[in-house]
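Two complexes follow with subunit A in common, the first pairing it with subunit B and the second with subunit C.
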Partner chain A sequence: MSDLKREAWLLGRSRAALAALLLLFLCAGAGVALGLATVSRDRAAIDRMLAGQPAEESALAAFVDDAGYGAYYGFQPTWNPPSDLAFAALGNRDIAPTMLRIRALALEGQIYENEAANPELALPGRFDLAFVVVYLAPLVLIALLHDLWSGEREAGRLYALQATPAARRHIWGPRIVVRAGGVLAVLLVPFAVGAAITGTSPLRALAFAGIIVLACLFWTAVALLVARRGNSSAVNAASLAALWFALTLVAPAAAGLAINAGVTVPDGAALARENREDVHAGWDRPRDATMQRFLALYPQHAPGSALPPTFHWKWYFAFQHLGDLHVASASKAYRDGIARRADLARAAGWLLPPAGLSQAMARLARTDVAAQLAYQQRIRAYHTRLREFYYDYLFSEKPFGPADLATVPRFDPAGGM
Partner chain B sequence: MPTPPLFIADLVVERGDKRIVDGLSLSLAPGEIYALLGGNGAGKSTTLFAILGFLERQGGSLTVGGVDVAANPDAVRRQVAYLPENVALYDHLTARENVDYFLKVAGCPRSRADVDAGFEGVGLAAAAWDERAARFSKGMRQKTAIALALLRETPLMLLDEPTSGLDPAAAGDFHRLLETLGRRGVAVLMVTHDLLGAADTADRIGLIQAGRIAREWTASPTVPRFDLNALHSGFASAR
Partner chain C sequence: MTQMIAIAAAELRLMLRSRLALIGLAALLLLSGIAAVTSAVQTASASATRAAAQAATDEQFKTQPSRHPHRMVHYGTYALRPVGPLAAFDPGVDSFTGTVLFLEGHRQNSATFGAARESSDLVRFGQLTPAFVLQTLAPLLLVFLGFATVARERERGSLRALSAHGASAASILGGKVLALGGVALLAMAPALMALAWAALRHPGEGGIATLIALAYGVYLLVWVIGITAISALARTSQGALVTLLAIWAIVVVLVPRAAAGWAGVAEPLPSRVDTEFAIAADLRRMGDSHNPDDPHFAAFKQRILKQYGVATVDELPVNYRGLVGAEGERLTSELFALYAARADAIQLGQSARLETLGVLSPALAVRRASMVGAATDVATHLAFMNRAEAYRYQLIQRLNGLQVTQVSSADDRARSRDPLADQRTRISADFWKTMPQFQLAPSAPATRAAAMLPAMALLAFWLAIGVGLLWLARRNLDQTAA
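Presenting the complex of A and B:
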């Protein structure tokens, strides 16, 4: 304990070390603050969407006297609420939609309309705490540890220090603990504040903190392995900078490129277009053929399926659904491709600890690709319930009024698939 | 017979593929001051490194207070205060902070009054005690480091060129200080190039050559303690 106190005191007397730690502290604090702001902006947008829903529904109730109108005009909110750790690792939340208002029309186009980017292997993304942990903290650890021994040797103090009894236990050990611990502290304090503000569950906060600890341990170990080799401080610093560059930037980017080249994923926008074009083509297809294909899927609706000579919503919604089926396999290929890329990226993460740790943070924060795909699947499940709710009215000619509008199935963000 | 503070017999130390120390024998009794002289690169500092366990020995025996350094370097280092050949302090710390830090590292913190007395003893001007070492002259650094070594209060001191950088008056003070240490029973092994200084204080003077003590002189109880002419010609012949 007194050794730790003494070494902490010595570290505190070094202006350069303090400046590095202060800078990292400010970065971590800024990362947490930006994360909190992003999350609360997301929450506010979701709240706004939900708050606007009753007004929209009462407007709808004023003119809807038919299930077809209800299904056609009735937008329903779906949303993927930020987890209690999202503030620390925004992950894909900024590129993937976190809320979507959907209708009982063909769904795939509605989903993929917003799909812009394919998630990559932990390329530097948003400035958040995870970014600071993965990219900046290693640099400070390297700065504080690369010359642990060489610095003393070059200053001429090494012999005097080594001549003291049990230098390893009394000097080097405590010195490493204090320096790595200092880095850890300036990361964990802002995180703890962010978790307290968010009300993160203690266990999950602890798990996330554990990943931060692992990241620091990894770079401490790397820095010490290099520092021990007996080279000069300049050589150590250069080697470690090169390692940092290779491990956090080059290798993950190369792995990401290789994975993306190796696993092809259908273009989401093209999929949306295909979906819409097939739906449009539905207008011109023989109505009977459309209904037959639809009834093969929903035989229970056969009794009420006879079409009047004029337009009827049941035909309209039948070819909407067939439009989804038309791209179902491409949509699955898309999801499988994204999931496969994510799996490969995770496997690569075992070889590239910085990338692996950043994935682990996003996974825990539920801001990763898997969480995004899970949200999409919840939308699909909900869309099915929504469609089938309206089919019951459309095919039974049950009257539909404002009271029925109130019983429309609601999206459950927690799952309920 | 009490265990000697330092006992070296037939010591062999190699650095790289060079045999630097080759059959060196040297023992100190409590309170004895031994001056080790020799040309540049003769192996004086290397001998001190071997005593501290920085370098492995390839032969012979070496104990400090009866403890073999190869078996238990920490027990040895606890008994030894070491003044390195090139004193370096933490420049951003004051003299007092440096001494406090190194004493704590060695596990023997001292009171402020003790440190003051230590500084006084080596003649470090009081104005410098709380000044950053970055502004120190070589002699001031040397004095700080000597004070530090003395404050350790170990039974054995290894001093590598302690008077280098000291002005003549300070060197004289230092030699008086050594004598009081000797009287307190501290054994001192001092590497030096200062023949006169050695003759002034040492109980024995050894000349290291070809990796061993080639010549040795013992002080006579009467003045002059050493025959300076004999010392000089001894050194001249050693080159």
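Presenting the complex of A and C:
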């Protein structure tokens, strides 16, 4: 214990080391604070959407006298609430929407909409705890550990220190523990405060803290391996900074470039256009053929499927759905392409620890690409429930009035698959 | 002067002998080359894809069959944001925005399909583009190559020897700056070649490309001068390196992200749903075309009847439904424009905050100058959105106008009951061919150059700080020598 105390005292005497730790602490604190602010803003936006929905529905109730009107005009909210760890790893919640209002029309024309956001704010990346852990903490660890032995040698003390009995246990061990532990502490304390404020489940918070510990262990090990090689402090610092730079800045960007080049994602614009073409061509196609194709999917609606000679919503919603089916395989290929890219990036994370750790944090916080794709799947499942709810009215000619609006199925953010 | 050149030459010879320096430089040149080529290839392919998609959507619109004009209002069309002329050098926000906008009646959609949303999570680690290499990687290489440039001489005691040979502090520092500056020029070469390549393919972009190159030249010069000055001020090479790495991490990595995070929280943008709800509420206050007793549309009807000098809608020589459609579109579009202007002001305000924070980081200033010059900044995206919205309004009102003049009022009323009347409301497909097409020319280089000025002024400010540091270093060296 006295060894640790001595080393802590020594660390405290180094103004540069203290400044680095303080700066890291401030950054971690600011990262958590910004993360909490962003998450609470996300939650508030979702709450405003849910609070505003009744006004929209009562406006609709004023003129809805037919299930078709309800289905056509009735937008329903869907949302992807931030998890209890989102504050620590904001992930890509800024570039992919976390709220979307949809209606029973063809979904492919709705599901790719984007949230209003300033792209210049997304461009540099998020400032959150995950950023501090992946980018800044390694630099502070490098600053504190690169001259562990070379600094003493350059000060002329190394041989004397090595000669003390059990130097490893009494000097180097405690020194490493104090320095790496200091870095870990300034990261974990703000995280713990953020988790306490959010009410994060203890197990999940522990798992996230585990990733932070892993990140620090990785860079401590790298720094010590380089520091032991017997070069001068300046060479150690330069080598470690170059390693950090290659692993954190260059390699992930290059891997991203290679993955995007290697896995082509079908052109989304062409997919959306094809959907529109098919939906609008529905107006001009023989109506019986449309209904037959639809009834092959929904035979239970055959009894009520006879069409009047003029417009009827059941025909309209039938060709809307057929328009979605027309591009279903292209749409799946589009999603699969993105998922494949995400999978490859995860695989690359095993080779590139900074990328791997960052993705692990986003995955745990459910703010990664996979979480976005899962949200889209929930929207798709909900859209099916919404459509089928209206089909029951449209095909049975069951009357639909304002009171029925209250029975429209609601989105369940937790699942509803 | 000759002394300065001799010192610069000696420094360069030393770098040539250092394997680490050569590896670092070669790595940067290689990365830069890869970035230049992949960025050029990607930009060319994105540009071709979007131009082809725009042509395809225009063609599809023109070849629609005869139908009721309101069906065309819902059929709509797409606007694709053209790729900026210098995007191969600095794609800016291109990946982080949607690039395709569906234009239809009654609704204002968001731009969909951007590269970032189609990428893995690695996209947040930055994109390897020529601009990224110059903004982020090149300064770090200069730090590695230059941190010891003066500190080494001091540690070895060769500073004294230099002054004994009559070298002034100014010529020592000048020589070091010259040598490191030479390396910086070499490091810039592939990225600048990418810039020149992009400029050559777009006539008229040469001037603005030169200005962008100047911005990066000043930016890297700030680093060269700052690195030399700190190397001279530091007591040891190690101290110089650690200080410079800390400065680099703060200026290039920390401040840009923190600034963006702060700007987003300080000036929050309403969500899309917020805006949709607000517009819907405003519309309900202003006029509801579903409601036959609505005061706004009742007044509108009276105005139209008076204008044509008739007593009832049935006596109108034109199709009243088309007029109501156009009036409804006018009301919603006015609100779209109003709310878009507010949201634009917030986004531009956020970006202005980032620009101001260029006083904390020259990396922010050069990024701004580069994006503005390359027309890949948020203002360019907003200009696209606004141009597309203006086009949408014009197109929809033309289609509503066709409903007014080409579709008989009686048929239009009867079409939901009478299939024959429905047939008669379908107007000739030739009308679709007369509709205007969406076009967006990039903003004039002179406009962009003017918008670059604040960022350029910030870079000049940083240059002044660098020169001030160098002056301090000179005084310091003079004192040591004396």
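By our rule, the second predicted complex is superposed on the first by the 405 of 417 C-alpha atoms of A that agree within 3 Å, B and C clash if a C-alpha of one lies under 4 Å from a C-alpha of the other, contacts with A are read in each partner's own complex, and residues count from 1 in each chain.
Simple rule for what comes next: a contact is a pair of C-beta atoms (placed from the backbone, for glycine too) under 8 Å apart; a residue touches a chain by one contact, two chains touch by 3 or more.
Since the model is a prediction, treat every value here as computed from it, not as a measurement.
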item: Side-by-side fit of subunit B and subunit C on subunit A, or clash; value: fit
item: Which superposed partner A:Ser14 touches (first subunit B, second subunit C, both, neither); value: first
item: Which of subunit B and subunit C A:Tyr159 touches, first, second, both or neither; value: first
item: Of subunit B and subunit C, the chain that contacts the larger number of subunit A residues; value: C
item: Partner chain(s) touched by A:Met49 [first = subunit B, second = subunit C, both, neither]; value: second
item: Shortest CA-CA distance between subunit B and subunit C [superposed frame, angstrom]; value: 13
item: On subunit A, the residue positions that both subunit B and subunit C contact, one per complex; value: none
item: Contact footprint of subunit A on subunit B as seen in their complex; value: 49, 52, 54, 74-75, 77-78, 80, 82, 84, 86-93, 97, 101-102, 104-107, 145
item: Partner subunit A, residues of subunit C touching it in the complex; value: 20, 24, 31, 34, 38, 49-50, 53, 56-57, 60, 64-65, 67, 71, 74-76, 78, 80, 92-93, 96-100, 102, 109-128, 132, 136-137, 140, 144, 147-148, 236-238, 241-242, 245-246, 249, 253-254, 256-265, 268-277, 280-281, 284, 290-291, 343, 346-347, 350-351, 354, 371, 377-378, 381, 415-419, 422
item: In the complex, subunit A residues that touch subunit B; value: 2, 6, 10, 13-15, 155-157, 159-167, 170-171
item: Touching residues on subunit A, where the partner in the complex is subunit C; value: 16, 20, 27, 30, 34, 37-38, 41, 45, 48-49, 52, 55-56, 59, 62-63, 77, 91-92, 94-97, 99, 101, 109, 112-128, 131, 135-136, 139, 143, 147, 154, 232-234, 237-238, 241-242, 245, 248-250, 252-257, 259-261, 265, 267-270, 272-273, 276-277, 280, 283-284, 309-311, 337-338, 341-342, 344-346, 348, 355, 358-359, 362, 368-369, 372
